[in-house]
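Given below, in the form of structure tokens, are the structures.
One chain, chain A, appears in both complexes that follow, with chain B as partner in the first and chain C in the second.
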Partner chain A sequence: MHSSDVGVPRARRLALALVAVLVVLALTQVEGTAQAPRHGGTLVYISTAQPPSLDGHRETTFAMLHPVKPHYSYLVKFDTQNYPKVVGDLAESWTASKDGLVYTFKIRSGVKFHDGSTLTSKDIKATFDRIILPKGDVVSARQAMYQSVKTVEAPNPQTVVFRLKYATPGFVEKLASPFNFVYKAEILERDPHWYERNVMGTGPFRFVEYVRGSHWVGRRFEDYWERGKPYLDGYRVLFIASRSSMLAAIKSGQALTEFRGVSPAELADIVRALGEKVAVGTAAWQCNNTVAINTKKKPFDDVRVRRALTLAVDRWGGSQALSEIAFVKPVGAMMRPGGQYAMPEAELTKLAGYGRDIAQSRQQARALLREAGVPENFSFTLKNRDISMPYEAVGVYLVDQWRQIGLNVRHEQVEAGRYFADQRAGNYDLVVDFACDFIDDPDVQLLKFLSADVSPVNYGGYVDRQLDALYVRQSRTADKAQRARFVHEFERRALSEQAYGFYVLWWQRIIPYWKTLRGYNTTTNHYVEPDLAVYWLAE
Partner chain B sequence: MTRYVLTRFLLILPTLLTVAVLIFILVRIVPGDIVELRLVSGGSFVTPGVIEAERERLGLNKPLWDQFMEWMMGIFRLDLGLSMWSGNPVIQEIAIRLPLSLQLAVMASLIATAIAIPLGTLAALHRGRWIDQVVQVISVAGLAVPSFWLGILIILVLLGVFGYLPPLTFTPLLENPRANLAQLIWPALAVGYRYSAVTTRMTRSALLEVLREDYVRTAWAKGLARHVILRRHALRNALLPVVTVIGLEFAFLIGGLVVTEQVFNLNGVGKLIVEAIGQRDYTLIQGLMLLVALGYVLVNFLVDLLYAWLDPRITYQ
Partner chain C sequence: MVEHALVERVAPAARRRSHPVARFFRRHPLGAAGLFLIFVLLGLALLAPWIAPYDPVANDFGAMFRPPSFRHWSGTDAYGRDVLSRVIFGARTALVIGFGASLIGATLGAVVGVVSAYFGGKTDLLVQRLVDVMLSFPIIIVALAIVSIIGTGTDKLIVAIALSFVPRVERVVRGSALGVRAMTYIEAAQVIGAGSWRIIFRHMAPNVVAPYLVMLTASLGQAILLEASLSFLGLGVSEPTAAWGLMLRGAAVDFATRAPWMAIFPGLAITLTVLAVNVLGDSLRDALDPRLRT
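And then the complex of A and B:
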């Protein structure tokens, strides 16, 4: 008992407690009111790149999504407050048949396009027909993602049915792609290329203006289907390619944030300038840096050499050191660390190069190199992109790691055009590769490691039918736990036993934003953001 | 004179044609593929079929000769084609950026001239004295400091000391002069200072040379007033090389402010050139390079005409 309690009458103590409860309740009430979304204001944010075309179905870049997606709705979408949960957008509800071959979506009624017309299932069918079965010279970047789909039907104005050739896990998640804007059937019928240069959807914001190289403006759509939303009057995207200009814009308050991510040094700069005015969101990013090994070149055709290369890399130490200077951190295999298919750490540390004892790993690496007849100070080139964040840091780190097992590595950084051309032509020894996506789906993330005659993005040039078979097995397995086991088997073979290539580190998203921006939640990828229907501005 | 002007003007056409051929070949020698950059550079996976369909759509699978002839025929119709990246007409892409670049070039030229001619003249008139030394320091500093670096300093001072950042989007001068100048005055100062350094030194040395001429000595002997000698006899003749420098710098400024435009986030032609090259947007690069070449030959043409006005002895026979 505290001495202060001694001698205080019971009635008085009760009264004090009551007052305290009332004060807490009152404060909670005030806080609750302060947190209630407020209507009004224009959100200004930055995009560091410009959209090539305005057509979500053909593009693959966030540069298109960040300004354009607030104009569109989706059949289903990722809930950015609870990612990776999928929620209905234009779909009020949906059901899947027991065999997983038929998905039936009930479409909301009364949803208006920005031109005042009413959306029906015909628009959704036309949209997915264009994505899954594009006709003529229409390009659909994600056609391959929906190979399992046989037909899309619209039996009545409020129903859409997807019939599949075979059951595929994560089908609804794939439909929730942030690129799957729902277009108007009548426009697509008239001109299938219209959406490449025009905007017209059912999303929370209408299109106002786009000045290429400068800015993009959207205004609240008053007839948006979700009453009371959006909260913002409008939004404005500033296209700023220069990192220093981007930082200056955020520090000056001319923009509240940028939804892709900044480096630790840039974060420190912003926090130093804005202090308490800024909040910071972080999340393990669905992006990573890998190393592709040219298995057609000697001595990299020798599995012992490839294993030595991955054994030499201290991922755990690198995670700590590099995360101080670059936006890389999580250690993982092929599936995003923390995601539903991620390899558990106990299994991960058994893979070549993931062990906690780096000295022992390097000893093994040196022995393997000797066994393979690779001389001390053997030289090769690591090709890399000429982008500082995070490629340069990762490249320099790798060079240092390999020097520690007696290899002499030249770091060659080339600009994007040459980088892709060299990679495709096999004009490299080892190359720092990368991948980014909006979904934790092994079908997508394992694709790079299929045999070269199956996967055009297998830059290593190897053929491994065991991997191809494992890929098909995991892709047709509905049970998530069983699927994860196949995925891990695939990872063990590709990354450790054969070491065809390897992962360095996964990226870490760092999003500083002015605290006046509310309702924002940092997700694991920059594709599903911004979700402007739920954001609002505090006074 | 008329014949000279016409001949000189007609010579612009073969010059531009040569430039067009060179540009067409050079951009295709550089490794890289717009389709891969556009569809794969974000890290996503697309099938080879999609890549091939896109190449077909952009006409990249046609023989080079066909691509060149298509472009040439378009130029004769004043149609530079569509940007391979955005799908917008190249002329439209350039038209969005050109007003800003032109205005910045004009403002920087005015600032540079306003600084350079008085300073250069002062330095020449007070050769070897402290005024000359000060002018030399100012101009050498201007040559040594890159304009983008000065731009970064300006932004840091504005933001750090005054908590102010110039507007990030362009407003046309006639629409809102205040907003327009608030954005462009800073880069114009940064660029104009470097530009003035070159011109100051040129003015000084040209004037020093002219001041030693017999006709200037005669003018002094005649008892003409100093300002008359300077304005009518010395400066007018000394301006010939200065005009050349100003002309070339002006032409350079239209497409050459690559880094300064990045620093101030200006939506100008220089930034567009860098983006187009990075994206391997062949049609846009070709259009832009042709524009820059046209700018250079036109400015040179005008400078040649200006020579005759400044120095009546030039007859162009």
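And then the complex of A and C:
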């Protein structure tokens, strides 16, 4: 044995080797991006899930965004080359009043929809009216994020005005949500559900074909408002659910990448196969796995049972172990660990389930279950997505954690359409959920925990006016330190005192891609990507 | 005295005519080996909680990816679970689904086949065209389609696999049943006023037991393989259930070079089981086919 091997665990050596590989690859990536963009070619990439519907306002998943977003434009959007900077897309420019209550956007003229008609401010007003104040049975997942908005007005064809009830920091960033596709007013008026099944926007690519379970095809839109873009002739998304098939497709060059992420082990596999041909983008990930608890069902309506469930989960141990096989690692509450609003560790370890002494936490959990009258070997179902990375690993882990406090859990993995439908209908006991977002902003991250009658993405079904009030307070607070205090108060109540749901682990993002793909920059989330208007293919 | 003499004369002849099971073992040693393996498997499945060295679903992150050793004879998987214990418990899943699906599928197929043969005419025509449609699809496609409609889980998997067997068993059993239908004793039963269902179940069904048994054993192997295939495709049972097909997917593929034992042992279990069932099925067919009797 070499002396250097003594005392260095194998996992740590592997991690060091991986870091070295990443550094080398990152350097080669920088070297590869200094050329002028080239026109032509079809970008082929993978999506590991099918879109539940095609409506951006309704959905919350990459499975919809990755194939659909290249067909749409936004009022404002994130510049993926300089994330999180916001730039105008359909908005040529904008101004905010001094009191922060009025935002006025000047709309580009001559922007065409794919059907040849011209976009006006009326379309943008109709879009945001649908997002902020959906009518009838239209679902707008992020409706509660825009509680500060009083009205959206279109005084003339080239102007849109947002009037707010109260000033809120980061309002323009929230408007830049990658889910806020701009739709055509006339179509929305005719059928508010039309966009759930159809595609028609002003984006850089026109819709060509969608074969469920197989592929999605888009073709360059010749009348796209930004002259000279997009660089690509088209794109093709391959739907491949199996991780091994996905890796095989990337390794063989059938697809150039997958814009969600791979695990460290999968990266090592790709790098081993492709060597110099592949570049790797890494970033902290604005994404995590949570568990939503159906508080309308017994015994989960009892806070003692909910607290027992979160107390049983060893996050610190799981972080070390699961990060070897899946892309999860950082331990945190609602705000991204390392981000400006993240709860400090000293405070975090005081929350239920975040303590370092897991034996003590589990003892507490068992006592709570006994107190609540939950019998030993009590059985329930944990619903989960059929996406293996990282949902399956997290599901298996949770089942084992709960077995250790005497609970018998059936793990049920279902495909995306049924998963989302069951969540919305409250057809579950507990469900492995996710909280992935496009920006580090408490208004966005706390959304899932607002009362069910305020937030359509609260799948737990509870109503807690204290949380709603705290949300508004933090949203109105411009001072960051003070805002962080309100956010932490919100986190304590939702995750620990009431345990309406809880966080398991945050994710870490690793994107391997063929170096022939240029213009790609890895961001902290997989929602603002792919930004196909700026990508191009090297020869 | 006379009685004694009779016994002495008969006894050597009775000794020569051995028990049918012993005769089957002597004439079909491969089938006997298959049967033995199936009994071993049944024993493993029944006694799993007592003979498996570890809890098959308990994670042990201190023992991830351990190679085979005295402590873990077949190594451990990505969650530190003992592979041998999971293979032993996996026998339960394989047999519950295998036996359940083949028994339901073969029985349902046999009933439809005999009924179709008995009634003939338009009933038979309609049933056979439906069977033709189902037979035009590979068995896994039929199972996949059914699973995608009714969902996943052990009970649903049994139903999906069983239904995909029905047309194949039906066609084979119907062939034999048509021969039985033409027998004069069926005609005689009709003449004395026996009802259709009495004739079907009392007089026809017992005479198609041989093809039924052969199809039952053939289906058993296929059912185990189908369960493994569907679980491998993510449409079978869910993690962390110990199931052989499930053990072959996910981490077993991702870490195939780092921890090949994760795939080798469940793969071996599937191969041996299917081999055992198939050789037993072949031997049973030979033993029960009057044309092959010497």
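The criterion applied here is as follows: the second predicted complex is superposed on the first by the 304 of 539 C-alpha atoms of A that agree within 3 Å, B and C clash if a C-alpha of one lies under 4 Å from a C-alpha of the other, contacts with A are read in each partner's own complex, and residues count from 1 in each chain.
The rule is simple: a residue touches a chain if its C-beta (ideal position, glycine included) is under 8 Å from a C-beta of that chain, and two chains touch if they have at least 3 such contacts.
This one's a predicted model, so the numbers in the text were calculated from it and none came from an experiment.
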item	value
First, second, both or neither for A:Gly317, with chain B first and chain C second	second
Which superposed partner A:Asp386 touches (first chain B, second chain C, both, neither)	second
Partner chain(s) touched by A:Phe434 [first = chain B, second = chain C, both, neither]	first
Partner chain in contact with A:Ser242 - chain B first, chain C second, else both or neither	both
Contacts of A:Glu266 with chain B and chain C, given as first, second, both or neither	second
Most chain A residues touched (candidates chain B, chain C)	B
Touching partner for A:Gly395 - first (chain B), second (chain C), both, neither	second
Partner chain in contact with A:Pro52 - chain B first, chain C second, else both or neither	first
Touching partner for A:Thr61 - first (chain B), second (chain C), both, neither	first
Chain A residues contacted in one complex by chain B, in the other by chain C	241-242, 244, 418
Interfacial residue positions of chain A with respect to chain C in the complex	241-244, 263, 265-266, 269, 317-318, 320-321, 324-325, 384, 386, 388, 392-393, 395-397, 399-400, 403, 410-414, 418
Contact set on chain B toward chain A in their complex	30-33, 36-50, 53-54, 56-57, 85-88, 93, 96-97, 152, 155, 159, 163-165, 167-170, 262-265, 267, 271-272, 275, 278, 280
Chain C to chain A touching residues, read off their complex	57-59, 61, 64, 78-80, 151-153, 233-234, 238-241, 249-251, 253-255, 258
Chain A - residues contacting chain B, complex	50-53, 59-63, 137, 139-144, 196-197, 211-215, 238-242, 244-245, 248-249, 251-252, 254-255, 287, 415-418, 420-422, 424, 434-437, 444, 447-448, 456-457
